[in-house]
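What follows is a single structure, and I will ask about it in a moment.
A, B, C and D label the chains in the order they appear, each numbered from 1.
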Amino acid sequence: MLLHLLVLAPFVAAILMVATSKEDPKSSSRLAFLFALAFFGMSIANIAAGNNATEAYEWFRIPGAKGPVYYFLNSNGLAAWMVFLSTGLSLVALITARNTTCKNYRNFAIGIFALMGAMNGTFLAADAVLFFFFFEAMVIPAAVLIAGFGGKDRAKAAMTFAIYTLVGSAPMMVALWYLISQSDSSLVLSLAKTLQSLPEGAQIAILVSFLLAFMVKTPIFPFHGWQAISYSEAPAPLSAILTGAMSKAGVFGFIAWVLPIITLSESVLSILSTMMWLGLVTAVYGALMALRATDGKKLLAFSSMGHLGLAVAGVFSLSEAMLPAVLVLLVAHGISAGAQFLLMGIAERMTGTRELDKLGALSRVTPVFGTLFGFVAILALAIPGTAGFVGEFTVLMSLWDMGPAPALVAGLCIILSAAYMLRFVQKVIFGEQKCEVTGTRMTALEGSSIGIMGVLLLVFGMHPAFITNALHLFDEQVIETMVKLTEEKSAAVDASEELGEEGAAPSSIPGVETENDEKISELKSNLAAEGLSEEEIASIIQQIHEMEAEIAAEDAVEGGNK
Amino acid sequence: MLQPMYIQILALVIFTIGLIVAVSRRNIFFVLMGVELALNAVNLSFVGFAKTLPSDMSITGQIVPLFTIAVAAAEACVGLAMVIMIFRNRESVDSNDFTNLKG
Amino acid sequence: MTNLPLWFIPLFPLIGCIVLGAIALISSGSKKGPSEGIVGALSVLFPALAFVSVVLLSFNMPEGGIRSTLCNWIDIPMFNVDIGFLFDSLSRIMLLFVTGIGTLIAMYSLGYMHGDRGFARFFAYINLFLFSMIVLVLSDSLLFTFLGWEGVGLCSYLLIGFWNHDVNNCKAANKAFIVNRVGDIGFLLGMLLLMTIGGSNILNYDALNAFINMIMGSAENANIVVLILSIAGICFFIGCTGKSAQIPLLTWLPDAMAGPTPVSALIHAATMVTSGVYLLARLSTMFVHLTAVLHIIVIIGMLTAFWAAVAGLFQNDIKKVLAYSTVSQLGYMFMASGAAAFDASIFHVFTHAFFKAALFLGAGAVIHSLAGEQDMRKMGGLLKKTPVTACVMIFAFLAIIGIPGFSGFWSKDLILERLYMMDWVVPVEFTIPLFNLHYSFEILMNQVVYVVGLLTAVITAVYMSRLIILTFFGSYRGSKESEAHIHEAPATMLIPMVILAFGAVFAGYFWADSMGIKYFEESLAPVVGAAQAVIHHSEAHVGAAVFAGLGTLAALLGMGIAWAKYGKARIPAAKGSSAPQGKMATWTFFWDYVHGVVITVVNAIAWVVDSCVDKLVQFAQWLVGGIAEILGDGAASFQVRKVRLQIALSIAGVAALVIVVLLTGGLI
Amino acid sequence: MLALIYFIILGVIAVGSALCVLLSKHPLYGALSLVVSMLSLAGIYGLLGSPFIGVVQIMVYAGAIIMLLTFVIMVLNAAKDSKTPMFDKVSLFVIPAALVLSGLVGFILVRAPLAFDAETVRGSVKITSETLFNVAQTGPGYFVLFEVIGLLLLSAMGAAVLMAKKRLGTNEEEK
């Protein structure tokens, strides 16, 4: 239920927002704030609920595919934290947007809610087609918001953003279609099984087209052309969401949709190590570009590109510690980069410029803003004790597994990040005053919400178990459902083997199941002793299985009703 | 004897004429009339086919044309309104002049 | 009182930081600022509480130290680190003077920072610094130490750039942080290296020691482990060079004098910069097995000490002289660590903290009384006008140059003695091919190092005497109107100075080797004693009196030279900036040039990336976009303005399709 | 046999008036020919045993739609314009294409076996209304469709009014 709400309710909220007045930003902002707060609460409840999944509903059938497409949502630790980012950042974005885009706040809120719903869908989808649907759907509200509320170059930015990301995922669509035309359903398990049965050339082609889509979204080095302009032209609250949550969809895709389905053959491994190096190149590239950036938002855009490059490199180090490390890094980066974009937006609102050379001395003019700015920048530097440090250090550790060279490059990035971040801080809040503060100053609500983000970073930094513990629970239940759905299509699948291949759920199939199996084998021997033939025994066992399935289904229905 | 085939052929002929009117005439009123004619032909074909079916199924064939007629009425209504609007703006009924919608 | 939890010690400054930070933040809007009385009381209270709890714990510390694990920090596959504290004799010594001097300097700052707009903010930073420093020395694992390690770097950044309206201060702060970051990466890589051989548990100091002892006990695969450990040791040493301003990462420390003077005294002289020495002592079990690394440390320490001492001669800014002097003294400490005399190096840290803090505070008082003037050429004759300050500084001066009886004498003497006792001989063999001459001899490195150390002591005496002469003797060289304003510092500043001066004089008696007092050595023995016993010392001991005599001679010689050169000479009137010129600048800023080259290279790469690679990517993007646009225009020309033609075409298309289907027999 | 004769007469009228629509120069004449065509088609519906559709055809098409069309043609004075040619180059292309298409469809059609069914139902008002509105018997499908059509007509009316009304504040003389 929670998952359905998280995915569908934002769209409903967007529709409800239509009913509010366009002329009166106050009332609409209050409503939007309440909605966003509710979603944020839901996302926290979702984290607390651990792994959970909805029933798999048949959605539609794709021509050429053997199985149907399911509407099937599934939340695990990774997805739950990503949803946390998307709802949390949307909440703060809606708060700060109050004073930035007050003229047409209602439409802005509608766009943000639609974006939030699509992002949640992306992170929670358990079906590849559903995932792809939301993955593409994310682009549209974001592009519309850029075009509607952006800076001077907004039309170009929106076009670049939309076309780049949509075209980037086109090869993935083709690959996905080919894959599901071969497989029983579009769930991860059957995709993995199908991919592994394909010839190697086809495997590589599919892998590369999947990687391409996520590389564009993240973005990774040669495909980053859309990023700087979109982030800098988008309204600051939206940039915060884009970098804090939406760009995570790329890394999420690598983890959730690429790594589980591939076989680690020689050539695949070489592609993966190329990806790791590309990630590192992106990290260095982003840092160097940030060193030279003269536009505050561009600097932040390149900085987040650098951090995500590091995260991607961490993902493809394939180390055992990769998942928690990358997750912590992603959450930390999402919060800190989001907060920085919001603060930069407030600075732009106050002074009317985001040129670094024209800003300065904001810490003396507005001390609270300056303090907050410095505080968040320091948190973004990955000082130990902040979540960024835990993430970067553990990612560095994962990279160390691949050899000293990647770790050294990552270390270089960390040094460079200090260099550009300090330059940024110095240019914006220190030095001589070069501009008048004319716009609305930071309000208490904005300040406190960004401050809370900073405190969260500290909390996660000192106690990352909040994040990493979410990954300790494996989602057996979901995999079982997937196996069941897969079995309905092809009876010949051996469930236990499948589980073994997946690797995520080791031998711990719930006790009930094994108990039943024992009983059945007992029954089997008894029946055989009574002289029944093989086929009769088989049919009886079949009946028992069916009865059990029915009972289980009834139980599930009752549980749902409760 | 009257054969169902005759009805279909009549419908085909009227449909063809309607199509030709709709596409080849440049006057916008003729375009609309051509569309109406083609819709009529489809209705006739529907009823004609319905008569070749046994009782239960033949009812469907005689009810769908009702809806088609209703839709045609709506279409004519909106279409004529558009014609009025366009004519007011352009002073022309030549469909070749209406090329605002270029990519 | 042993049941006082260890985490109380860092807790107090942390609370102080949060409370003062909140006060600073809340009051930032008001015109007047918070009441200095309340803020001042709070800001001295919390460090004092920490100091009291350290003292209480110190008295009842068992031999092996106190260990306590607070909670788990990071727990992921392959990596599990706890937050834990280790209170043993090493951290006891460090904590005692960190919190003690911290409290004194907080008190001093009350007077120094009086009337400053960021009064509360300053003390929030100071408290945060103390928290980080306490964590650094009190933690029981490398990773948690690293938290403090970067934390003190951060505070140093914040405090150097405290007066942030001047861009130069910000640049100095940035430089300090970035250079420290370079060192920190060394620290990080060192940790990773250790983890590759021993898993994440090895980050705990106790586990590390046990591991090393185990490995060294079984001689089988010790070689490869020693190799890895050596690399890790070098990485850690890089970290130390960053934090403790050794070659090549030392340029930030002189620039760091841009911060308020109490900060220079606390962070950049007494405590933070010595954390590198602390780390070496903490990891002594590891380092004593790495002879090559120890030799590198000695060489680096020697070069730094000598270079910085010479650079100190050229400075006109009173704080810069002290800064280079600090670098030079740190060089001594590293030399001692490299000679595996970790207790001696910590002892020097201890005495140095007192006399250098006293010197800095004295300099601060001088600057305060001269209303911000830092150029020594414009001072002079202050002995009469500010007698207390002058006395404090002169006592500290006598301590630093090593006059017998003062604290610096004991520690420096000890270091030089240990250096001489080092067993390190470098065989040199070379042939000159043309003449077919073959030389083969041995360099007794212990003697070389000793001589350089002694020479450095002479130079130290010269530049320190210069400072004292220029500042306190002669006649006042500043403008007349400024002379009238010269006044002695307020009591809140003088009391800490006097206490520190006492420390500068008497701190040495904890380990007066020649007098047979070895309290300090004995108390440190549980931590570093076992490690130091591993190293083999040469037997070439000449006798304590000789070393003491030579050391004293060096100090007197230096004073004599300085008196001869500066005592009567007319000091040229100050022109322009206080920075050294010409060849002196080349010497002083040599490492800045080296850094400048690195920065230029990075900037050049960034330029290439920005203007070439990125443009190339954009060009590719534009090319693809352009091709798509042209194709699209081509396709669109079929599309627009010809609705009827298109319908006709589609009719024809349908007809064609039907024909095809008919001909291929698909339908009927 | 009589039915065939009626059918031929009505069919010839329908096709002939449809041709008149194609060939008439003034839209008004076209509209009037269209009425004739509609009427004869209504006759054919009656002949086939669907009188209700026939009546609806007369009422809606011949009555409402064509009347509306005629009205609009008359209101817009310039409906007849001498500038617009009846046929042009495109028409030369369209007519053969359409003819070929219909020829092909006819060719396929005549080869299909078709025969009237004896049990077929007369599309009377009673049957039609029962099918449409007796939800209990035939299920809600048609009823919902009927309501939806109502909505469609309503919205079409609204749209038409919105589009065709003169914009407030615009001056027609300017154009």
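Throughout what follows, a residue touches a chain if its C-beta (ideal position, glycine included) is under 8 Å from a C-beta of that chain, and two chains touch if they have at least 3 such contacts.
Treat the numbers as computed from the prediction; the structure is a model and nothing was measured.
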Per the definition at the top, count C-beta pairs in contact and tell me whether B-D or B-C has more.
B-D
Separation of the C-alpha centres, chain B versus chain D, in whole Å, is 5
CA centroids of chain A and chain D: separation to the nearest Å works out as 55
When the C-alpha atoms of chain A and chain B are each averaged to a single point, how far apart are the two points in Å?
51
Distance from the CA centroid of chain B to that of chain C, rounded to the nearest Å?
88
Check each residue of chain C and list the ones that touch at least two other chains.
644, 647-648, 651
Shared interface positions of chain A, touching two or more other chains
none
Interface hub residues of chain B, defined as touching at least two other chains
19, 23-24, 26
Chain pairs in mutual contact under the definition given at the outset
A-C, B-C, B-D, C-D
List of chain C residues in touch with chain B within their complex:
636, 639-641, 643-644, 647-648, 651
Within their complex, chain B touches chain D through residues 1-10, 12-21, 23-27, 29-30, 32-34, 36-37, 40, 43-44, 47-48, 50-55, 58-59, 62-63, 65-67, 69-78, 80-85, 87-89, 91-94
Quick check: in the complex, which residue numbers of chain D touch chain B?
1, 3-4, 7, 11, 14-15, 18-19, 21-22, 27, 30-31, 34, 37-38, 41, 44-45, 47-50, 52-53, 56-57, 60-61, 64-65, 68-69, 72-73, 75-76, 78-79, 81, 83-88, 90-91, 94-95, 98-99, 101-102, 105-106, 109-110, 114-117, 119-121, 123, 127-128, 131-132, 142, 145-146, 149, 152-153, 156-157, 159-161, 163-164, 166, 172, 175
Counting only contacts in the complex, chain C reaches chain D at residues 644-645, 647-648, 651-652, 654-655, 658-659, 662, 667-668
Okay, in this complex, where on chain B does chain C touch?
19, 23-24, 26, 95-96, 99, 101-103
